[in-house]
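There are structures below to look over.
Each of the next two complexes has chain A plus one more chain, namely chain B in the first and chain C in the second.
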Partner chain A sequence: MTVHSFLIFDRRGKTLFSKRYFQVPGEEEETEAQRSDQQKLIYGMLLSLKELCGTMSPNDDDDDDDDGGGGENNNSNNSNGGSKGDVQLIKTGAATLYNFETVSGLRFVLYTTAETSVGRTASATSVTSPSVLSPTAGAAGTTTTGATGTTTTTGTPILTAATSGMMGATTTTTTTTTLPTGTGGSTNTPLASPPSSNPNLNSGHPWSVVPNTTTIMTHPQITAQIRMSLRHIYEHLWVNLVVRSPLYRPPSTTSSSSTTTTTTTTTTQSLDFLKATNFEVSLDNYLKGMPWFR
Partner chain B sequence: MFLHLMIVNKSGGLIHHRALSPKAPKISTNEWLRIGSTFASLHAIAAAAASPLNCPNNKNAMGADDGIEEINAAGMILRCLQTRTGIKFVLTAEPNADLNLDAVLREIYVLYTDCALKDPFYELEMPIRCELFTQGIDNLIQRYDKLANNNNNISTGITIGRTGR
Partner chain C sequence: MSKSSASTNGATLWAKTPKANAELFSLTYGSLVTEVVRDADGNVNEINEQLEKIGYSIGIRSVDEFLAKSNAAHCRSLQDTAQVLGKTAFKMFLGIDCDVQILSPTTFSLIMQENPLYLFVELPENYKETLQYAILYCGIIRGALEMLNYKVECTLVKNILKGDDVDEIKVELKQILQDGAGDDYKED
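So, the complex of A and B:
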């Protein structure tokens, strides 16, 4: 699986931080307005889905609940951890969104491409098995990635191109979206468009898959790992490097109608000082150390 | 186990909704209609929000429009099957259910084609009022409940068997 981007939203929907890790080949440069529109879209979707899931989730009124009876219990502890309706994962055919929402309303969002999906009917796989797919793209040179890209089915070329793209990528600032593709750049041409067929029909995969059935459920281990990582990013990286920075200003508690004018100064201030902290560098190092990060 | 079943047509209108277990929260009809249309639009928004990672032509592996396939929330799992004709079958279940929700959704889709679509009096995109369909869903839920109970019994029943005669 390939991490595509990472975003942090505050309680009001403003994007505090965003970073792209993966360049889709053939993608045109998007404008600032387009990007901000898309971020608002993501935030709005998370907000609406949280409300929707909240109404459809059962109230956890077990007998060990000491709130004294059932009824509306918004703070019940559910089996996935978190309050009722807390959206943790949204999966579409194209990508998967992992969300970690803090009690204060901060949302940490990670977008990955869909290779995290594993057929539930498949035999038990180890979490590190995706690493079997990634050839030594950086080291092996251009020809081998192209060759493996064509022999396996459509799912893997994205991985190989992504790895080759990643090898060449250096850390960028938050605003630029083009990553220098480096040595792997020329091999991106054999890449087909994103998989149009069932991505699980990969002959190279170590796990077997029932063909013609899209029994794609997200692997619970990977989900749990990513969630723990997002929590770690919040608890250790964000809190230590950003909130405890002397330049940090907590979001104002004025009503939302006045935020347009009064908080614009504070918002630009918070975005600027992020560049002065170590947050992005630490985030990059942390994410790249993760086994599921490609 | 299962919580709710919801079927939304191409325009976002709700054509079927029911609770599948007593644990499912009670939702009024108006609320259902609102949930149905909200979900239909969010389904499409999720695919747009994932751009530039879109599938080609925005069609997913099954030839249907790409959109939300699965949502994991703290209290439930939501799974959606979108057909090529734009009908969305949405199933919610408790998170500890070790089920292949996708297979269940496919069975419901087959039930829909057999009982609703083949009914000459059923109008497309209209609310489903076919007795055979509801009965079919009842049987399906019973079957899965029994399967789940058997699985639970197997895990505990071996010890019982040993202590018995």
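So, the complex of A and C:
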């Protein structure tokens, strides 16, 4: 799996930090304007998705709704670092965008390609919840670090204890909509029941995918790992190196120039002052240490 | 977040954070206030305003640090926020145990029995009634909550230096700000 780029957005949509790790061979260098447009689009997409999902989800439950390329929006528990209803990852056929949003509105975004697809066979992969598979429940476990939820897959529950026991839960990002017909990629039967909560945690529903799907699968462990890393970047690198730096100027919440900011040209300021901190170096070192980073 | 979990969280965080010398803290603030007083030339309102602004700058930076260090749950209401603020945040940063009093759905009070800022401090007669020494906290609260989309107004209701027995900060919610795209984004 290759990491393409890493971005940090603040609450107002300004890109605080961006770094490209991987250049597609043959692709020409983007211009400044193109890059800034792209960043604005990414921010806009995340913001709109969040608002949309906020209006759609009832209070405590989380209705999963994917469309198109698959947006995963889950009921994560707090050990995962996010609140319920956060946009956690957005997945297309070619790439995945992982998002970690803090309560203060900072968004840490990691854009990667070529997810390792985990699945024993194309024919029968199942998503199981530990509570259901009793003998292997312990093993299947809690995909460690407060795993993110899984999207729903429809169909009759097929327990394949073997796969689940070994692999832990795997998910498929099928495009399920509320209508029983439609969706791409897999043959779905109507939703058995709404995915009310993180199946890895407490639901009694084992999910399974109808065989012979060709969808790329997202290993929730990887998702959880990556989001934990994003969180670590926030907690340790960003806070220690940037927020504590004397040059740091948090975004003002009022659009009018307040009396505290002496200059209004804070837009270029933040990116520049980051070079004065160790942030980029530490970030690079940290990411290179990650097993999923290549 | 329940009251007790907020305070236990605060206590554990306080134990974990590296401590600074309380005297250093208090004396540094004291000298800062002295400077501000000297600059303001007797205009007490301006002094208070300056101190509050200093607090505001501290608050907007502290909030990220607080969120990163503590695993505070997402607050569902202002009451939750008040509990987390009073029990966890104040405890973590200052080691103070605050009492939280909910006065109304949009107002709450933080009551402090003791204040590390007041170590060695005595206000002169001419400033005793008017100078709000702990208004720094008001600024911190205002800044921190603003970063979390709460626009609040903080006032020092009771003041130990004035003769009251506790410090009381009243926090009133004015507006809930919308998370939105800023000017930069809306440019084109």
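In this text, the second predicted complex is superposed on the first by the 163 of 294 C-alpha atoms of A that agree within 3 Å, B and C clash if a C-alpha of one lies under 4 Å from a C-alpha of the other, contacts with A are read in each partner's own complex, and residues count from 1 in each chain.
By our rule, a residue touches a chain if its C-beta (ideal position, glycine included) is under 8 Å from a C-beta of that chain, and two chains touch if they have at least 3 such contacts.
Values in this document were obtained by computation on a predicted structure and should not be read as measured data.
K.L.:
Which partner, once the models are overlaid, touches more of chain A's residues, chain C or chain B?
P.N.:
It is B that touches the greater number of chain A residues.
K.L.:
Does chain B (first) or chain C (second) touch A:235, or do both, or does neither?
P.N.:
It touches chain C, and chain B stays clear.
K.L.:
Does the superposition put A:225 against chain B (first), chain C (second), both, or neither?
P.N.:
The answer is neither, since A:225 touches no partner chain.
K.L.:
Quick one: classify A:104 as touching chain B (first), chain C (second), both or neither.
P.N.:
second
K.L.:
On the A-aligned overlay, A:45 touches which partner chain: chain B = first, chain C = second, or both, or neither?
P.N.:
first
K.L.:
Which partner chains sit in contact with A:282 here, chain B, chain C, both or neither? Use first/second/both/neither.
P.N.:
A:282 sits against neither chain B nor chain C.
K.L.:
Using the touch definition from the top, say if A:58 reaches chain B (first), chain C (second), both or neither.
P.N.:
After superposition on chain A, A:58 lies in contact with chain B alone.
K.L.:
Does any part of chain A touch chain B in one structure and chain C in the other, and if so which residues?
P.N.:
44, 78-79, 83-84
K.L.:
What does chain B use to touch chain A in their complex?
P.N.:
Chain B reaches chain A through residues 3-4, 23-25, 27, 31, 35, 38-39, 42, 45-56, 59-62, 66-76, 78, 92, 94-96, 100-103, 106.
K.L.:
Name, in rising order, each residue of chain C that touches chain A in their complex.
P.N.:
Residue list for chain C touching chain A: 53, 56-57, 60-61, 63-65, 67-69, 71-74, 146-149, 151, 177, 179-185.
K.L.:
Would you mind writing out the residues of chain A in touch with chain B in their complex?
P.N.:
Touch residues, chain A against chain B: 4, 24, 27, 30, 38, 41-42, 44-45, 48-50, 52-53, 55-60, 76, 78-95, 97, 111, 113, 120-121, 193-199, 213-218, 223.
K.L.:
Which part of chain A faces chain C closely enough to touch in the complex?
P.N.:
Against chain C, the touching part of chain A is residues 11-14, 40, 43-44, 47, 78-79, 83-84, 102-106, 234-236, 238-239, 243-244, 248, 250-251, 253, 255, 259-260, 267.
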